[in-house]
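These are the structures, in structure tokens.
Two complexes come next, and they have one chain in common, chain A, joined by chain B in the first and chain C in the second.
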Partner chain A sequence: MSGSSRGTKSEAVSTAEMEKSVLRLEVNYRGIFQKSLAYRITNDLVYAAHSEGKTAFSNGRYSDDPQRNGVPCANFAFFSDALSEDDLEAVASASMDIDRANVVVVLDDTMVKGLEPWGHYGIRPINEKVIPGGTLLIVSRRKPEELIRHLEKKTFDYNIAILPGDQSFAGLWYYRDDATDVRTIAAVARVAPEIVGIHSVEEYVKKKYNDAAKVKSLQEAYDSVVVREVKQSEGIAWPHSKPKLPSWDSFDEGIVVKSVERGFTLGPRGQNRNPNFKRGTSKTQRPVIRFDTCIKCTLCWYDCPDECFDPTADGLYDVNYEYCTGCGRCAQVCPVDDCIVMVDDLNFEDNSSPWEMYKRDAEGYVKWLEEKKGKVRFMPSPVTGKGVRHTEIKAAVPFKQDGGN
Partner chain B sequence: MTTELVDRKIYEREELATGTDAVAHAVRLADVDVFSAYPIRPYTGVMDRLAKFIADGKFDSEYIIADGEHSQFEIAKHASSVGARAFAGSSGTGWLYATEALAATATDRLPLVALVGNRALDDPGAFGVEHNDAMLVRDLGWLIVWASTAQEALDTTLIAYRVAEDPSVMMPCAVAIDGGYLTHSQHIVKIPTKEAVQKFLPPYNLGTRRMHPDNPVSIAPQINEDWGMEIRRQNWEAARRARGVIYRAYKEYNEVFHSSYANPFFEEFMMEDAEIALIGMGTVTSAAKAAVKLLREKGVKVGYVKLRWFRPFPAEELRESLSEVRAVGVIDRDFAHGGPDDGGVLFNDVRAALYHSSNRPQIVDFIGGLAGREISIEDVARMVRITANHKGEGELVTWIRVREGNGAGMERKGGD
Partner chain C sequence: MAQGWRGKEAIEMATTTGVSKEEFKNAKLYKSVHGIDMEEFYTSGHRTCQGCESALVMRDFVKASGPRTVVTGATGCMYVANTSYMTTPWVVPWMHTQLGGGGASAVGMAAGLRALMRKGKIPDEKINVINFSGDLGGGDMGLGGISGALQTDYDMLIIIYDNESAANTDIQATNMTPWGAQTTFTPTGSKKRIMHDKWKKNVAPMLAIGHPNCKYVATACATFPPMDYMNKVKKALSIGGPTLIHTMDPCPKGWDYHPRYSGDLGQLAIKTGIFPLYEIIKGEVNYTYDARKTKRVPVREYLEKQGRFSHFIEDDFEFVQSRVDEMWNDWEIPGVAPIKGWLSVRR
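Right, the complex of A and B next:
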């Protein structure tokens, strides 16, 4: 018996007609930290669209579970004003992930640097699934240009929309209601009224929450969204390798993957690490290090749960940002004031070695670093548990001429 | 104990051995590095013999006693993953207790060879043979082969390593032998020399998959749904490739040991010009062959097919072998309550194979020998009679040698 299927011409079908009325929405969020928030958004959108007589349903990406802190996850919602529930399910959701979306929502702007869901090798661009003319809707305090410089260049024009706001912490264990849920729904109504109109959203939110403040946030969010077209010439050549899914006969049998080769040398990247799963896209902030004030106590190196520090010949500790998940542990344990500080990762373009930069030009490095840090120290919601906390410092610690030698 | 009858270059001696002794010799001769154990009848026979080999300095191996069959098979699986040739065995309910490890050994594609001394499942606690225990793993990616004599048990264990460890297969193999009948009765067995075995069986080589400090690998990581299909497909292909490897292995075995295994998948007994065929596995073979011989003397054109390899199942070869017969009777030493037409496991596999046969013979099923009940020559003769006269309609299953009453007890049960 042959294992091949015997196809006939009559099997060929086209779903093009069904596709015409289908709208897809993806919500990218930080695993655990924003899980409840993401579910609220997709669920409320479905309810609101349903109130307009549309067919709609939502689902969470199965492969994200069990979620890991900060690791990028996704929820989906599907809408149609023509298809039955069964047909929409069949045409839109037969796969575990989606390959295109009319609207891609991003609940944490640092995800524009790429996504590494834990079950995949490689880093995916956040705008991967946006269709021509579709919209990438990001909750951010940044200007569109500051985000576009991290996005992969696409082969067609699309839109970027900014909903002004912070990374919301509305997580698994604790739901901090900062109205990001209803604000995001309003923003979707703004950029894609074909999914749901703002009036239906308003009616739905009134009924569900009976809360004047929530309703007010809706209108405020709707008006505050900034939309701008992204030309196909804009963006960057993607610097990471993307996930590849090989055919059954092109990878080794036996479910075996190479582990980290044993190996260590002093200096940057001297510790062997897993080249296939870097986890660095989990971070919203990165630790920056004042090597000039470092007292070489080893604590950052010792405590980092992801073994990101590389000891150097001069007794300092370089950090490999590709593997840093931004947990903030090193900043907490460092005994020297303002020596390790967590800084918004969007301020940085690449993951190159800070120690090498310091060795080339110590003073220049410290100056550059203090500019990146600014005067405001930032604590993200996952750390405070109560929303973003900003603290201002008066003046930077002065450069220490012979420090770190 | 030695006689002039054996070729001393190939065989070290003849020995009066049980089925479990024979398997223990094979394990010793295959130079197994790690074998794990937990006592259960009839596997205890192998444990005892291997312990004695080690004590006598005839065998160098890690003998690990586990705290139960689950750990026992986990130990064997892990040993196999670091490149050690491993062996384990159990039976009945012990084998079932190891199920999680058994499934993972197969999906991890580790070529463990295991003995299943077939034994009825609990409850009720019984020690006699039933084939359901080994059949538990039939769909999981295990190769399964039945041996019906002590000599065949020895040969088959060596062949099992050859097939399982072939780089194009890499699947675990269960060698099944009937508990009680084969495991505890003693027959003269030819014990090969180590040199001859080495000629036949190359060293176990896991290649780049071998887990070792110098070759750090992770085995069986969590995968996502977008890899699972491809991994199952690889395994499916390996099971298909195993058929070709089994042919090669028996050919090589015949060459080294001057044995005469013809078709490796099954033995055909008096099948030339047969119009009626019975097919079965394991020790029922002796009664079946004797009955066939007696019936042939009376002019009945009957033959017997002794199936060895149950996975991979030789559908193509069976169609060929049964292409001229008019009716087939399958002897199931197993049960599959509520299965298609209430037949046993083997019945429905054979029937599925014959669906694509050009002459599609009548086929009926006999459930017998459960929990170790004997199957006599007369029983087999009765099966031949029923097979020959069956119209192919109505009840297809006959229970053999079950105590029948007048049906009075059934009235309370209700139903149709």
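Right, the complex of A and C next:
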């Protein structure tokens, strides 16, 4: 690495020595509808750092492509005030993924429940890469404590920072600019001024957008960030193990992937599914089902593109949240009013079978469910970037003792 | 929140699309949504987008064809998203083939099975051979191979799943991309608003007209009307010989809409008449949703729900409407063959 023929200024310096000045940033976002947003954030941070005379570059996690809606993805940015571009690239960009970061940005707070971007990756904690004293910066309407209870317990202290805001699904061809980009950059300047200072950010944004509203939102964002230390005693023992990747010498002859073993019975988890890749970490919301008002029409089961519904002996359809991507198709197709409703996934503790809970105590289940749902219903615009409509219902549909038929 | 009418109407439609033709009495067609097999042979744990309709095209064809099925799939989303690092959602045997290789791979598989059975190496039984290819892989690149396959006497079904772009490689225009749509090849701009100025290739009729030995060609949408697509798969497999189904697959990524609305968009594609639903059985056209008899929904209701058309102005909506009207009002075989629509004998 040192002594590169490209005439770097750090000849004869070891990698470990060069490493000292490198700062790393990771941006976690949801595939496709947050992609343009994430790229704006890392690009703008790099340019703002350049304006301070730093060396910086960014890239996307190669293995995320092709991206799919909802799948957790990541961008990286690297900064140094001592290294040349060649040296920074040599130290920072050799691998596909990074293993540590000074700042980990999260654009959808439901990602605190874990990330599984592809098969055999396992469900990994969002704070996995945060270094001692580093910061986990989350765009969220929640209090830090509500998020910390989902995080893996670390062996050291670090910080959590909240930038108040909603998950911004900015869209693909139709891009909605709600200033989440500049707000996030300002928040990074707040929690890690060593990456880039707020003045440079302001100057850069002024020059790039020439838009007073954008500058104002970034200043507001800078002031509104809430930072709190997370002690090493806080968080949970991570419940998901890290799978061992099958290596080339454990493959069968040819390129053979083992099929899912055939198996089906009625009831929860009765269908065999792909054991090495679950899609549950793709969801921002989950469907909750009023089994008592269900008319057993089959359509949620029929329309689910991820085969998440398990038919039960009593004609209902249990849902397997481990695999549910939260697309909302079942809620859209259900013919009964307020029977399937999409609810913020952070309101839920686990992925256990809702049908079993209903069978144990039907009325208790409905009461629990309606509390989780609350009174506000979210309805996304057909064109994603055009936002979400919120409506308030007056009262929940009363519990039906004898079911929906 | 529930949309009420959509589900209810869908149930009614499911029971009214004619399913009991004499020639398909051995096809074991579904007669009610409650009679659909519950077991999955393409199951959870795939890396397709939230709300992906093409995933349902996979799930439903193999549900309809059952466990004695072998599948070949051309490169594209339905290969890549379904093989996330050495994992698969398939229960039945499945083989990847090259982007344009759908037809040839199906012929090879069917020929191989026939030879093994003739030599007594495997039991003589009906094994369904199905290939899926995307609109680029099947409708553009692989057209020659599919044409070849349709001229053989092997039993096999080729499904062109049409998400109207090369979706896997991040949404490039194909010849099945609809007029005016934004893709990475055809972005809108200040100098030229409409970059994709070609009308969608009419692939199913072209293959039906050109291959008179092919006994069954159909168009379908996986979820609307319920059962329609699965019964078409059953009909295609029972009639024998090479057959073809072209499906219309709303794609939340490329079309830029919230994944919740895939079902609605499939439904609207059919109700606006922009995607005609029919089957061609031994040369006879049978509409499975007859847009001549129902009042067509204005195409605007379909187009305005997709970000890929967000640059449309009034003229554009009108232009698309006029072409769809022409297709239903002026074509010799409405919605299918434009013999009178734009082809005529030179005087």
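By our rule, the second predicted complex is superposed on the first by the 364 of 405 C-alpha atoms of A that agree within 3 Å, B and C clash if a C-alpha of one lies under 4 Å from a C-alpha of the other, contacts with A are read in each partner's own complex, and residues count from 1 in each chain.
Definition applied: a residue touches a chain if its C-beta (ideal position, glycine included) is under 8 Å from a C-beta of that chain, and two chains touch if they have at least 3 such contacts.
These numbers come from a predicted model, not from an experiment.
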Let me test your reading of the model: by the given contact rule, A:340 touches which partner, first (chain B), second (chain C), both or neither?
second
Which holds for A:97: it touches chain B only (first), chain C only (second), both, or neither?
first
When the two structures are overlaid on chain A, which partner does A:247 contact: first (chain B), second (chain C), both, or neither?
first
Tell me which partner A:59 touches in the superposition: chain B (first), chain C (second), both or neither.
neither
What is the contact status of A:332 with respect to chain B (first) and chain C (second): first, second, both, or neither?
second
Which of the two partners, first being chain B and second being chain C, lies in contact with A:257: first, second, both, or neither?
both
May I ask you to name which of chain B and chain C touches more residues of chain A?
C
Common interface positions of chain A, toward chain B and toward chain C
119-120, 245-246, 251, 257-262
In their shared complex, at which residues does chain A touch chain B?
1, 3, 62-63, 96-97, 119-120, 245-249, 251-262
Chain B contacts chain A in the complex at 107-110, 170, 208-209, 213, 216-227, 229-231, 233-238, 240, 315-316, 356
Touching residues (chain side chain A, partner chain C) in the complex
31-32, 65-71, 118-121, 171-174, 245-246, 251, 257-262, 264, 266, 271-279, 282-283, 297-299, 302-303, 305-308, 311, 320, 323, 325-329, 331-342, 377, 379-385, 391
Note which residues of chain C are touching chain A in the complex, please.
1-8, 10-11, 33-34, 36, 38-53, 55-56, 59, 67, 77, 80-81, 83-94, 168-171, 182, 187, 223, 226, 252-254, 256-264, 304-308, 310
